[in-house]
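Both complexes below contain subunit A, partnered by subunit B and then by subunit C.
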Partner chain A sequence: MTLLLDTAAEGQPGTHVLAIGVGSYPHLLGGDKKLAKDPIGLGQLDSPPVSLKAFLDWMLAPPGNAAGFSNHAAPLASVEAVCSSKAAVTVDTPALGQVPLEAATRDNIQVAFEAWLDRMRSHPDNVGVFYFCGHGVMVADQHLLAEDFGRTAQPWTHAFNISLTIRAVEREVSGAVFFFIDSCRNVPRGLALTLGADPQALIGADLKKNVSCQHVTAIYATGEGQLAFAPTGGKVSRFTSALLCAMSGYCGIKNPGEQTWNVDGDNVASAIRTLLQHNEPSKDKQVSDQSIQGPLIPLLRIGVPPKVMVRLDLAPKERRSLYELYLAKGANRVAQTRVDQVFKVDLPRGVYEVGALDPQGALPLVRHEDEDLVPPMYMLTLKSQP
Partner chain B sequence: MKRLHVSLAYRPSDFARPNDPDASVALPVKALDADGTVLDEGSASSSQPAMLSVPDDTGMAYVRLTWPSGHTETQRADLSEMNEASVTFSDAAISRNEWAAWAVPKLNPRTPLARPESPADLGMDEFNNVWLRLWRFEGGVWKREKLRPIEERRSKVATQMDLELGHAHWLLQVGGSKVTWRFVALPGGGRARVLITPRDSKDPRADELKVVVTSFRERAETLLEFLSRDAMRSVNALT
Partner chain C sequence: MSRGRGNICGPISDRARGIESRACCRETVMPIVFVHGVNNRDGEAYRENEKSRDAFLKEIVAPALGMTPNKLQVLNPYWGQYGVQFAWGMRVLPNPSAEFEAFGKDAEAEARGRVAGLLADSHASGNIVDLAHQDFRAAVDLLYASAMAGAETEEEARDLAKSYALAIAYAEANPQPAWLADAIPDNFADRLNHAARASAVESFGAGGILDSLKEGISRLINAAPDATTELAGRLLRKKLNATITRFAGDAFVYLSNRGTVDNPGLIVSTVLDDLRKAAAISKAEGEPLVVIAHSFGGEIVYDILTYFDPGISVDCLITVGSQVGLFEEMKLYKVSSPTLPPNPPEGRVVRPASLKRWLNVFDTNDVLSYQLEPVVAGVSDFHYDTGYSSLGAHGGYFMRPSFYKRMAKRLAQD
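Our next item is the complex of A and B:
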């Protein structure tokens, strides 16, 4: 295991992160070791090391950055990571400089998980983050594959059951835990037709214990039975991109009496789903899935209002270059005048007047009062009639 | 504190059970300032308005109503020269067909049921070969029953039927050459309404036909809709 940050203060709640990225699978197709008896059609992945590094860089970004972790009630207390990749992955850390990550074998994942769980138990109001990017499959439960999957005749000893792990963690800690699972959830025929293909959970769920966790959010990159995708060429996956974008100021709510804009399971799940929907190519649809339990506890507490990606268009398109498209809130007004393209701008969330006016005064005014711009996106096509 | 009264002018169902506390629809409402900060939140129903409190220095407040589908509707309330204001949300223009309005808040905001009829609508005609079977659980076994709607409605984009179901467990089986076979649980013990409309979502997991069911217990059913979508903030506002 590799501990990248450990600044937990005794007696104080903090946020503890465990991040796992698996791109190199030596026993799967294209690997450099003995091929598994049944690789179930799975091979090497370019995206997980890149996605993991993007996630860790975001978490470890210096305070005060526009993007990066912020939660004064549960500050970042520890970050632990393992990663498997053809090329070594190193992470810039505030205290230790460049740190290379250990391989994400099943044993290393187990050790890292147990250390993370111990840290989570140290305070009742701790917040936990569990991130995984790599191969995943499912039948009834979802299984995530470690680097050494396929090393032995029983390949599933080198995977773990994340569904049961989540149920177990709910009985082990008392704060809030956020699971971000960036992997496929398809059902391989070879897995469904194999008795004994039952990976263990990272810890058993002791049903004698009551559920103690105040809040659990689990967000999956895709729906049951579906695939998750990444752009080709070793880029950050679609899900991790949407997650990092959502957390970088594109979601949040300020509740009565609160001083900060809070990012919680409810609004981050909704933002991820919206961003995936609008950023995906026409084929290979990917719709995230989530499970949210218990009262909402913020993962992030941010001092500035969230932003909204505005996409304002006008129909018919031939009239776009004749109009000024605008958004106004109080004295603040942004506009795009007589340009034949969609007006794209980022604005702080809030209630705006949105409209289109003809600077020449010949065409009719189009005006929408009180448009509620809710993060992460606001899309509207104004209609100029007749 | 200043006060906002938020009412819901949604038509009550003709078939709600007498004295049923769950009969009238309840939806979460929020009072926001111009920056989107939540000032207060609560639940408004057609029988009981929400009473929201906002700070004394509030000038313009914005009241947002949320449907289970995620669709929102916002109205402004000017409190700059008064201490109380009222806002009413209506379902008058909710659907092209009055008989289908009850289902619209539970469907995707882009459902064709919520907009004027268009020649481009994906019609129910495409699903002419869909079959329905009704099953009742009795004496420890499932038995097929005749499907006898007591009322039927049909448009280009939806078909709706009302069934009178006895006290038992009921399943409606839907299938067809272009439709994945599946069972939908129906509530027993009175009148139940089933609306079937083509898929309104791009989600690859979505079934070809969307089936929406009501037993005219709007409050409980709306809460279940929010729960099924993990919309915990709305659930908290309603409970």
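Our next item is the complex of A and C:
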């Protein structure tokens, strides 16, 4: 396990992060060790180490950065990570400089998880973040695969049951926990038809205990039975991109009476759904599955209002270069004049007048008053008729 | 001279020239009519055959013709209900017991039964890795045929057909890939799928195609003992008896009930309706009309194009495992004339005027398929080895994915 940050203050709540990325699977297709008897079609992944590093860089970004962790009620207290990749992954930390990450084997994940859970138990108002990026499968429960999956004839001893782990964590801590699971959730026939293929949870769920956790958000990259995707060539995955984008100022609700905007399970989940829907115009659709329980407890508390990603277009396209596309709120007005492309701009949330006008006055005015721009995105194609 | 994709009408026609000049994937609708042969009765097996055939036509043949797969409209006139009825349920057969049902009643059991038949007919072993060491392409073909036998939806069938196109291209480029050396049946599909896959995205899991392929392998493994046992022998004898009996029965029923131009019989009407629908689509869309006729379906189409409606313009007729030539030799068509040609065996009867191109596919192992060139002028005979023996070959063409690939190639060429 690799502790990248440990600044917990005794008696104070904090946010504790555990992040796992698995791109290298030596016993799966394309790996350099003995191939698993049944690799269930899984091979090496380029994206998880890159996605994990993007996630960690975001978490560890210096205060004051436009994008990065911010929560004055539960400041960042610890960050722990493990990662398996073809090339070593190092993370730039505030206190320790460049730190290489240990491999995400099943044992290392177990040790890191138990340490994270101990830290989470240290204060009743702690906030926990559990992030995983790598191969996953499911039948009744969701299972995540460690680096050494397939090393032995019982491959599932090198995976873990995240569904039961979440149920257990709910009984072990009392603050809020956010699970971000960036993996596939398809149901391999081999797993479904194999008795004894039951990965263990990282901790047993003691059903004698009541659920003690005040709030749990679990956001999965994709729906049951579906795949999660990343662009090829070692790029950040679709889900992690959407998560980081949502947390970087594209969601949040104002805390009454304060100049603080809360990013909680509800609004980050909603933003991720929207971003996944609009940012990936591919045939491989990815629809996030989400579960939010208990009163909302912010993951982030941000000092600036959230932004809205505006995408304003005009149809028919041949008229686009003849118009000025604009958005106006009171005296504030932004416009794109006679440019043959979609007008892309970030604006604070609010009610705007949105329209298109012909500077020459020949073409009809298109105007929509009282358009509600809500994070993370506002998309509209204005129609110039006739 | 390169004729390019979409040149399905032989000597290049204006219509074909039009196709050549268009963009890679056309958005117009192109009709294909598939006319089945004898011995087809509506049921699980018939519907699954139709699903897999449609999928291969859309995913393998359509792209070769420059078509968007979804724009290929396959019409499947089903006339089996008007075929022969056996009042005693073929009790006259020497071995009337329904051995095929020994495999079970559910869909998977039926699929496994079909794969057992496929193995028994082709004498292939159920060990896909052994077969791959001998002939990797044949192993890929058999694997996809076995997987397709269990396809439950059109989507699954089409995904399999798309995946087959990638896998067979890989097998052609890599006749003995290095990974085959230590492959085992448990991971053969994983490794083939991994090696052949081409994707613009990385997925954090495996897709459903792999499960379909693994089911195909599982069927091969589990069907192999059935295919080599006494049960398979009895099954084959039963099939042989029943097939020949129903073939003769359907043919007799057709010949006695086909009717006239003014009052066509039910079998003719069923096929004629879809041919006319397809001809209308072809005309409206400016796309060619392709008709595929299997076995006795060839005789029905020939009768229609020469007698019942010679006005239907067909750009290409593909008869597969058919007996059109034999029936002309016996002078059994409505327009057959005992004096034409005047100088047999030298002369030929003319190809129907409304038919621009005619390909006839036969397998020398198929005892019910015949050549056509010796009897009809302006046709091209092609041999296709289904890999099956005796009667298995007759129904084997459309189970083999490679058949569609060859068909696509022929359609796209002269």
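The criterion applied here is as follows: the second predicted complex is superposed on the first by the 383 of 386 C-alpha atoms of A that agree within 3 Å, B and C clash if a C-alpha of one lies under 4 Å from a C-alpha of the other, contacts with A are read in each partner's own complex, and residues count from 1 in each chain.
The working rule: a contact is a pair of C-beta atoms (placed from the backbone, for glycine too) under 8 Å apart; a residue touches a chain by one contact, two chains touch by 3 or more.
If you're wondering where the values come from, they're calculated on a predicted model, not measured in any experiment.
J.: Determine, for the superposed arrangement built on subunit A, whether subunit B and subunit C clash or fit.
T.: fit
J.: After lining up the shared chain so the two structures overlap, which partner does A:253 touch, if you call subunit B first and subunit C second: first, second, both or neither?
T.: first
J.: Contacts for A:93 in the overlay, against subunit B (first) and subunit C (second): which applies, first, second, both or neither?
T.: A:93 sits against neither subunit B nor subunit C.
J.: Scan A:291 for contacts with subunit B and subunit C and give back first, second, both or neither.
T.: first
J.: Once the shared chain is lined up, is A:38 touching subunit B (first), subunit C (second), both, or neither of them?
T.: It touches subunit C, and subunit B stays clear.
J.: Rounded to the nearest 10 degrees, how wide is the angle at the Cα centre of subunit A between the Cα centres of subunit B and subunit C?
T.: Computed from the C-alpha centres, it is 70 degrees.
J.: In the overlaid three-chain picture, which partner chain does A:157 touch, first (subunit B) or second (subunit C), both, or neither?
T.: It touches nothing on subunit B or subunit C.
J.: If you stack the two complexes on chain A, which partner ends up touching A:230: first (subunit B), second (subunit C), both, or neither?
T.: Only subunit C is touched by A:230; subunit B is not.
J.: Go through the superposed model and pick first if A:12 touches only subunit B, second if only subunit C, both, or neither.
T.: It touches nothing on subunit B or subunit C.
J.: I'd like to know which partner A:200 touches here: subunit B for first, subunit C for second, both or neither.
T.: After superposition on chain A, A:200 lies in contact with neither partner.
J.: Can you report the least C-alpha distance between subunit B and subunit C in the superposed arrangement, rounded to whole Å?
T.: Minimum C-alpha separation, subunit B to subunit C, in the superposed model is 8 Å.
J.: For subunit A, which residues count as touching subunit C in their complex?
T.: Going through subunit A, the ones touching subunit C are 29-30, 35-43, 45-48, 133-137, 182-186, 188-190, 221, 227-232, 237, 282, 284.
J.: Within the complex, which stretch of subunit B touches subunit A?
T.: 32, 34-41, 62, 64, 70, 72, 74-76, 202-205, 230-233, 236
J.: Note which residues of subunit C are touching subunit A in the complex, please.
T.: 182, 184, 186-187, 189-191, 193-194, 199-208, 210-211, 214-215
J.: Once bound in the complex, which stretches of subunit A touch subunit B?
T.: Its residues touching subunit B are 223-226, 253-256, 265-267, 269-270, 277, 285, 287, 290-292, 295-296, 305, 329-330, 348-351, 369-374.
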